[in-house]
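Presented sequentially are two complexes of chain A, the first with chain B as partner and the second with chain C.
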Partner chain A sequence: MGSLLRVSAALKQGQITPTELCQKCLSLIKKTKFLNAYITVSEEVALKQAEESEKRYKNGQSLGDLDGIPIAVKDNFSTSGIETTCASNMLKGYVPPYNATVVQKLLDQGALLMGKTNLDEFAMGSGSTDGVFGPVKNPWSYSKQYREKRKQNPHSESGDSDWLITGGSSGGSAAAVSAFTCYAALGSDTGGSTRNPAAHCGLVGFKPSYGLVSRHGLIPLVNSMDVPGILTRCVDDAAMVLGVLAGHDPKDSTTVHDPINKPLVLSSLADVSKLCIGIPKEYLVPELSSEIQSLWSRAADLFESEGAKVIEVSLPHTSYSIVCYHVLCTSEVASNMARFDGLQYGHRCDIDVSTEAMYAATRREGFNDVVRGRILSGNFFLLKENYENYFVKAQKVRRLIANDFVNAFNSGVDVLLTPTTLSEAVPYLEFIKEDNRTRSAQDDIFTQAVNMAGLPAVSIPIALSNQGLPIGLQFIGRAFYDQQLLTVAKWFEKQVQFPVIQLQELMDDCSAILENEKLASVSLKQ
Partner chain B sequence: MAAPMLRWGCRGRRWALAWVDGGSCHRRGAPTGSTSNRIRGQSSLAQQPLRTAQKPRKGEHKWAAVVGLEIHAQISSNSKLFSGSQVRFSAPPNSLVSFFDASLPGTLPVLNRRCVEAAVMTGLALNCHINKKSLFDRKHYFYADLPAGYQITQQRLPIAVNGSLTYGISAGKERGQVIPKTVRVKQIQLEQDSGKSLHDDLRSQTLVDLNRAGVGLLEVVLEPDLSCGEEAATAVRELQLILQALGTSQANMADYEIQRQISELENGGEILNETRSFHEKLGCTVSMRDKEAKQDYRFMPEPNLPPLLLYDATSLPTDADPQQVINIDQIREMLPELPSVTRERLVQQYGMLPEHSFTLLNEVGLLEFFQNVIKETRAEPKKVTSWVLNIFLGYLKQENLAVSESPVTPSALAELLDLLDSRTISSSAAKQVFEELWKREGKTPGQIVSEKQLELMQDRGALEQFCYSVMKDHPQVVMDVKKGNPRAINKLIGLVRKATLNRADPAVIKEILEKQLSL
Partner chain C sequence: MWARALWLGLRAPLGGPRCFTSKTDPQGSGRITAEVIEHLERLALVDFGSREAVARLEKAIAFADLLRAVDTDGVEPMESVLEDRCLYLRSDNVVEGNCADELLQNSHRVVEEYFVAPPGNIPLPKLDEQEPFPHS
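So, the complex of A and B:
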């Protein structure tokens, strides 16, 4: 299915050149432009990088598995010389003078930067619908699997008006990988922003342990919870990219020293029977779709049938997670957004009667309602008179939530298994019936607590729903047991054999995908 | 390196009033509204509207000002507190600005080890408890030269707390007496400096220079134990000397700055009436102060900096990377001699008055000058002290020069004092030589003495001749001496000296006269 490692093998064997690969992806980006996955397509940069990569391959000096591989980066990571907008008027036209550490690491390995992907403004949202460049469309809206199911349903409308959201906020990255325009993409994950769109787009969405991967250059949402996320088509790819990204960064004091071995190559899970899988009972909520619930229990059965121990665990403070997150997130947002004043960079209004008037107008014009609303709430929580009652209490609750996980893992659980989302992707028109805040609160329910605790978590696509849409389940591991987590996820991925998205109807010319499929089969023969 | 910038000053002051009368009512209840206001005004520092303090009937209470100070001293460091940008005075505007200093989105703070060491060292010198764990906070306000919209400081858990600063007030009736006083140090915190705003009123523009943005500051918070401007100024001066001795801050506040602060402090009462509180401020304008009073800084933990952990010999992890840890005990061993110890040593070693030891330390470079003279001269330390503090310092003051700008080198003064000590010249001649030295003509004291023929007459026979002539010309004075008028001999000595053009040693003259008069 055109995984990164397989196309990497093809590059090494000379079956395809980096330039050919880059051009194929660029052509797919053009064909899928209507998905709105990319804010900026860095065609020239990518072609130049491809040319250099090609030279290296010719000289037998390949930099490794990522050399010549097209990747995409969420538009809240700083990219030197390439506009970085956070999908906000505030940063339209802002060209950072430096690369985020994670971007630099990918480029150092020879990856080709195809472009910057769409998101909710400043990553605040769960649909990728609230950015200044418009919503991202889920490629599965146009898949053969979904279209055929819809034809069977007499009530469904025809045409494009009922396209589905990708989830978010890293929806552009998810759509970019899902539509084969690149082989891996960086997202960011503060409350589920990588795992949620991964689940809706049938991808692997990995959120590393907090402190494992540098945040330097990631434009922050909530510094104490943000982590760069990885979106790929399979677990091995995610592990490979993690191996490149992980490690202490002198520019990010919250990164830890050498917590994992590199390069990160996942072994096959030797013995499932030694595993203990925890099922948090609090994650069984009434809003959970019955389909996902049954897939969740089938997944648990799968582990049990292979000899693993599957036990129910309790994370008693789960229900406080969202409200706690609201206080902590908006407070940090209020603080982080203070720098956007129109003085040094980004948008500046025309008003110049006074510095204060300029600040006010710049920020009113630069931020959307969601961002302004969070700034307002956050400043309220940080007021001297409110700080103890809100911020300090929320921090205490956060500790309780983190301790819930510690207790679960101390009871012998290796990995927790949960749903990633309440339901499969919904149509845009349905999604926008609720406001951003309500949606975020609902959609982050299974993913958010993990960020509070700084744990690694990964969403793995398990099956298609009755509607023909992907459903993901989430595995949560102990802090810095990312490798163990991915090993379990890899085993699971192999068992479930999630189907490849069939985008023939989407593409007028499906040759590109077919060729990718061919490449896959070629390398399989090795 | 270029001269460090003058960034040291009491940027915030906290004032309060306290009762000093018979202790009548401040412990009791508050029967009337105005009393209760007064009690609050007294009990909470600078937070309450202190103008209510004027309300009680005249004569009912006496009030005394208590002064608390927050002193910001720029840390001597080659780079900024959280970025690798250089710290340098008078560089072209915005030439020392990293991406972090300009608060480009996505940049993160990285703590400067040197600044932490400077804070620990200062804390130890001020007898503070060093917190093994301290935290950083964000303090929010919008200002053009604060690009992030917040300043990183240490509000909740600073690096050092509960110390004391001992300083001396020269009061007392006896000459040279210095009364030791102590002010408690509430805390020392690390924080970022802001940039600099230049307001161009003509074009109604504000120009921003971020060279200073992010430079490391030590904020030393003194408890309100000071009772007057003089105490405050002396305590600040002592702190300045300590920081300079430690090398943690240049703290080179000019004299006029001290004077300005003293007068500001002494005028405090008036300021008190018009402003509710003195606190942190952004710039130096009066208009900012009103805003200050209303400002809610919305403090929040800085999420990008883990807690700052320090170790001592017992808690140091065995496998610790020396580059990654800071050992308090190691820093303690590196502490240099502090000014109070230096002064005590001077008093002990050279028998000078305590007051003189203060003066020697108060002038930048004066102690070193003094010690260099001592090293090179055979003259008595008391003589050296007297010359350095009276004559040398007097000349400097008169021309408003720093010790480093003096035309007279320590060697020259040492040579001059040797000439005096060996009775080659008289003390009035010595003063004349000093005057010549001050003219920067490049001559040594020896050269000046011989050119000006200032040597004392060594020829006893010639001097006896002078004495004889004087007695012969002034029989009346000789008679007076013989009659027992004790002052008459001095008159003769004076006359002989005059006759020798001041080149004779008065003691030798006296001896000859006495012999000739057979007294």
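So, the complex of A and C:
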């Protein structure tokens, strides 16, 4: 019962009721609590929604494929009546009075909101390790596939201390879907935040074209690059959710008016002989793990052996895209974070001497180092004397990067094929050896140029690594060719037959893990 | 240039125009002087908090300096990937609102229908009037 569409069919046929499905997922959420995927579990809300969904099914009035389906939402999307924190002290206790448009669309289709998932604070990070509610653990750390490989390694330690990160910043959403606690989850994608954890957690992570899906209610990081992202266990599910979410929103003037096929059903590609796949040569970097390089190469070979044309293309400004992203991102962040002053919502400090002192102290207390660092960097680049040399310069480089993609597509390429990440998921203890900015610069390398150009992209899990961990590859399409991109991705998914995560031991062992954690925390206190 | 407008807006309540002499190297080599620190802290209303944070900013600037190597002669800055499209505005009809109560509920300090702020136009103390990095 992994696929959303299959469980939806089961609901329609009465093989399972929405309440049973909801209970099952709630129970799994409880069992996997140690993953720390959820910040808020909206149990009562979900059960009530399940009840209403059940009534609709009984009366033969189901709303569609999403009716009665448990979903989760990243905690930087506003949800009416449900705390929305962005994993930050600044918004702890903040209860939005409205739903983000994408959340509303899901609810209007009868989806069950299981809860709000964990992330890096304000979606800044590539590990889901920097939020105030703690890091998210990758369910694959507890999979049979990974543990069996580790037993074979004489140097591996026993116990839970070397659990793996999910990637980020939508790590909570990825963990939630990967651990079967929901059938789809919303993430956000500004530099790869949906695709990166998808690759590390063995999921489909889809980033729509900029302008296709409304950002109203998505607490903004970089207005010119943010998009809501979709995490599912298979491509058809992602397409279905996209069909629900896509479309012009009068509340978001950056959404386009182009008509979208609704519902979005992907055709099955009979053959790929008419397809042209582009391999950007600049993406072959020394830091890329040899395993992923080899899988990338095999994927290209697969397309070629099935009749597709596979050519090398050049995106010459690739090496500058991380720097460009760094400047533009921090600059927009400096602006977007200015709204948090403690006055109308969010955290407020106790100082009452002056407005300035109150704002400064509120922001010092509310934001973590990563957020503050980006605000200060952004303000530096936006200083009058720096504006031309940094911000405007970066905007010019952005155009060059976007043009690189346009040129590649104009040369006859339909879809680009690249790695998603440099390596498989790493242990948390290793990940935190470098600071957030360094990590983000490293980990976003294949994903953020796509955000700068506003293109659609999707990470598809291809195979398990030698350590038994998921590896994903990325497909990038032309702007607003999301459906075509997903069609190619669906074909590829069928070819590679990525294995299902085996978590049975996890369910049995989770109580043991909780015990270990308690013991660990006791020993730390001594 | 809404980012710039917001920056100007944020400066306004801090007691009017100031004459900050720019101490940043015209090439922006990233040497952060005390004056720049103070200037940024007032603009951002976020403090550095520690020497590590200043070092991190210097690294961020050095990183950004890599952009100089790109030849952008004749290239127009790109503000939005949707620049070739029309922006559609909503018609000017009031269709929602009247939610003052809901909005006021999220604030910590409210009097009737007002958000309560401490007095404004009081500048933050100068850097030499406070301890360096009191919160490191």
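The definition used in the following text is that the second predicted complex is superposed on the first by the 505 of 526 C-alpha atoms of A that agree within 3 Å, B and C clash if a C-alpha of one lies under 4 Å from a C-alpha of the other, contacts with A are read in each partner's own complex, and residues count from 1 in each chain.
Just so we're on the same page, a residue touches a chain if its C-beta (ideal position, glycine included) is under 8 Å from a C-beta of that chain, and two chains touch if they have at least 3 such contacts.
All values reported here derive from a predicted model rather than from experimental measurement.
Enquirer: In the overlaid three-chain picture, which partner chain does A:S78 touch, first (chain B) or second (chain C), both, or neither?
Expert: First partner only.
Enquirer: In the overlay, answer first, second, both or neither for which of chain B and chain C A:L218 touches.
Expert: first
Enquirer: Could you tell me if A:T330 is touching chain B, chain C, both of them or neither one (first, second, both, neither)?
Expert: second
Enquirer: Looking at the overlay, does A:E356 come into contact with chain B only (first), chain C only (second), both, or neither?
Expert: After superposing on A, A:E356 lies in contact with both chain B and chain C.
Enquirer: State whether chain B or chain C is in contact with more residues of chain A in the superposed arrangement.
Expert: Between chain B and chain C, the winner on chain A residue contacts is C.
Enquirer: Of the partners chain B and chain C, which touch A:P250 in the superposed model: first, second, both, neither?
Expert: Both partners.
Enquirer: So in the superposed three-chain picture, is A:A100 touching just chain B, just chain C, both, or none of them (first/second/both/neither)?
Expert: In the superposition, A:A100 contacts chain B only.
Enquirer: For A:W491, select first, second, both or neither according to whether it touches chain B, chain C, the two together, or no partner.
Expert: After superposing on A, A:W491 lies clear of both chain B and chain C.
Enquirer: Scan A:Y146 for contacts with chain B and chain C and give back first, second, both or neither.
Expert: neither
Enquirer: If you stack the two complexes on chain A, which partner ends up touching A:Y38: first (chain B), second (chain C), both, or neither?
Expert: neither
Enquirer: Jot down the residues of chain A that show up as touching in both complexes, chain B in one and chain C in the other.
Expert: In chain A, positions 94, 97, 224, 250, 253-254, 331-332, 334-335, 338, 341, 343-345, 355-356, 359, 379, 382-383, 387, 391 sit in both the chain B and chain C interfaces.
Enquirer: Over in the complex, which chain A residues touch chain C? Could you list them?
Expert: 94-95, 97, 210-211, 224, 248, 250, 253-254, 256-257, 317, 320, 323-324, 326-327, 330-332, 334-335, 338, 341-346, 348, 351-360, 363-364, 367, 369, 372-373, 375-377, 379-383, 385-387, 389-400, 402, 435, 437, 441, 452-454, 479
Enquirer: Can you list the residues on chain C that touch chain A in the complex?
Expert: 2-4, 6-7, 10, 13-14, 22, 24, 26, 28, 36, 39-49, 53, 56-57, 59-61, 63-64, 66-70, 72, 75-82, 85, 87-90, 99, 102-103, 105-109, 115, 117-124, 135
Enquirer: Going by the contact rule set out above, which residues of chain B touch chain A in the complex?
Expert: The touching residues are 99, 102-111, 138, 140, 142, 144, 147-150, 206, 208, 296-300, 303-306.
Enquirer: Using the touch definition from the top, list the residues of chain A that touch chain B in their complex.
Expert: Residues 77-78, 86, 91, 94, 96-98, 100, 215-220, 222-224, 250-254, 331-332, 334-335, 337-341, 343-345, 355-356, 359, 379, 382-384, 387, 391 of chain A touch chain B in their complex.
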